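Look at the two complexes coming up: chain A is in both, with chain B in one and chain C in the other.
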Partner chain A sequence: MTAAAPSIAGLDELLLTLADDEFVIGFSDSEWTGIAPMLEEDVAMSSLSQDELGHAAALYGLLAEVTGQDADAIAYDREPDEYRHARLLDHGRGDWAMTIARRYLYETADAVRLEALADGSWPPLAELVAKLRREERYHEMHVTTWLQRLASTQGEARDRLIVALEALGPHAGTVFTPLTSEGPLVEGGVLARPMADLERDWRARVDAAFEPLGLPLAPATADPWLGRTQHGEPFRWLWGEFTAVRRSDPGATW
Partner chain B sequence: MIDTGPSEADVRAALAAVPDPEIPVLSVVDLGIVHRVEVRHDGIDVAILPTFVGCPALDIIRSTIAEQLGERFGRPVTVETTFEVPWTSDRISAAGRAALREAGIAPPVDPEEMRCPFCDSADVVMDSAFGPTQCRSLFYCRGCRQPFEALKSV
Partner chain C sequence: MKADGGDPTLDVWEVFRQEKDGDPMRHGGSVMAPDAELATHYAREMYGRRQESVRLWVVRRADILDLEDPDLLQPPLDRSFKKPGGYVMREKLAAAREAAGQEKPKARAR
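Then we have the complex of A and B:
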């Protein structure tokens, strides 16, 4: 049983962005199941994706309690333009370097965001976040090891990583796209600090990790307000994949 | 005589016979996921803590608990999941840790303290933090040259 949702404006928007991020990266990364570069990574990416989709399900569940909708309907019955994941997650699976680059940028950003939600004033979200952070630690460890490994080689692995970071760079900061009701969320104590503050912390952290490795730093987001609404073709394709079963037999249960 | 129904202790004792579906050598009590048991005059409420947020075994655990307690005590049972406190791997009981080792799965410890569940060697390496289920990692023992699984420390 969950404590009655407080009438804090923007809680639904916050939950939707959190859930959509985890949902989209979970589905994207699950595409490695069966074809990862080595067996251990096949298992790891499948397990990571299962974690992310589990996180999304829990967050959609909270959102469903706030709005009175059905969690599956929120997850599967929207049109592509109605999803609110960060543009960073919208690039298609790409090669292994692209996946590691995207995961690194996302996981480090998500860690900063979760920290800002951990002592929030709405217990159901703060409690869930406490649990999520324990799992995300393993994700960060995994992707950090891989980033360093690819960056430390000379040759193709490093070249591909740099190409991936340059492609993702312009969208790297979109995890921190300002929310339209950010003021009430901060005033209500759900979110510790505004997204712009969190983005500054995240950039300082990523810059400190990238500089010694000689990796390209992400430029500022061109139009910060469009970071969660401008989806590209890769997402439309992914949407077609993850809604295919649901659309083929609406309302089916098993 | 008035039927006072089962006590909380009766219900907890019955839960000690409900196995975890993924690691059946462990009961849900040994696994440390039973958070709250409340006996009302018209039913029994149980709250459990997911080991992992997306654990796919949760639905089976809930329905098994409801079924077994319902049969045993003849009253309606509700089982809810909660994150009120996070499940952590140190909630696994001493008996649970022994049962895991017996089954060839290393109980959760910090990686540097890991020992092989087969030969007790400390000469082990982590192959991958991720294993066949969300809660397990893969290790290799250089002592007895066996791969083994360990529960993640969370």
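Then we have the complex of A and C:
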């Protein structure tokens, strides 16, 4: 698939945010490998993480075609401040409740975002999004099952879930951080609607799921323009982990 | 039925898988899960994540009718007369065909 150099401004920014989101949550969740609550869940979470990393690889690949760079270089050779994932994903995986809360907020937001990209005007991205959505459907089923389970188990499970949701709340909406060149993307038909519109839809959907479960609704993002920058210390640590092998022998062929 | 010595909130679920359309369902193995929903997810991950299945059947082990009664399945008296080996048909059939003037049918195309 060769991506005819698109004239739409902002495509590189959009692809970078999509890829970084999938890369960071995929790598972070993969930390459960070997220590998940039970063997079956260990396999499931590891497999889900691999899926996310696969999505990231496909998106970095598309970005590399657009910019003429190398996909691995984009993924691994940037400084921590140059990553453009949502700050929601800067929260470490924490305990199981934190991981489920973070995945739930992210997966539901990603579903709304992918829907808005599915009929986009740039075929390479629209085609990839169609494939991603078929896998993400299962991811959302899996995390919804867990969210409902933790929320409806009185005591420690529910208490931990609420603590996690409250910690994530201020950054919950950052997947919809406005892109600097969002106008051209919407006008060019790559993105169906502005991020602010998508965030409204997402909040309505999450609120409808949370209300019957008595879960705390996410507050409005405090600093919406910083939603994909100023990654803190937990991300610097994660970055150190996922770049360690690459940095150990720069330029090596793996 | 709980797994021996296992978590009392978990059940064993047996998973059958079909490799391609038209194949029989074959037993793949089992997973542990607290309910049908998670059993489905885990069956999918254990027996389908590499696209090795087109269909899965997931059934709680306790819901399977388990028949292993030796009086019913392995009774002690001679049962050889119930086996087709007790009747050697080849010669009788050949003689009957010859009497009727019929050819032996060809093997069916698979």
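Here is the rule we use: the second predicted complex is superposed on the first by the 253 of 254 C-alpha atoms of A that agree within 3 Å, B and C clash if a C-alpha of one lies under 4 Å from a C-alpha of the other, contacts with A are read in each partner's own complex, and residues count from 1 in each chain.
One rule holds for everything that comes next: contacts are C-beta pairs under 8 Å (C-beta built on N, C-alpha and C of every residue); 3 or more make two chains touch, one makes a residue touch a chain.
Predicted, not measured: the structure shown is a model, and the values here were computed from it.
Superposition of the two structures on chain A leads chain B and chain C into a clash. Of the two partner chains, both chain B and chain C are touched by A:142.
After overlaying the two complexes on the shared chain, residue contacts for A:195 are found with neither chain B nor chain C. In the superposed pair of complexes, A:215 makes contact with neither chain B nor chain C. Look at A:206: by the touch rule set out above, it reaches neither chain B nor chain C.
A simple residue count on chain A separates chain B from chain C, and the partner touching more is B. When both complexes are overlaid on chain A, the residue A:127 reaches chain B alone and has no touch with chain C. Of the two partner chains, neither chain B nor chain C is touched by A:100.
Of the residues of chain A, those at positions 40, 43-44, 47, 138, 141-142 touch chain B in one of the two structures and chain C in the other. Across the interface of their complex, chain A is touched by residues 7, 10, 31-33, 37-38, 41-42, 44-46, 49 of chain C. Residues 50, 52-56, 80, 82-88, 127-134, 138, 152, 154 of chain B are the ones that touch chain A when the two sit in their complex. Remark: chain A residues 38-41, 43-44, 47, 138, 141-142, 145, 149 touch chain C in the complex. Those residues of chain A that touch chain B in the shared complex are 1, 40, 43-44, 46-48, 50-55, 57-58, 124, 127-128, 130-132, 134-135, 137-138, 141-142.
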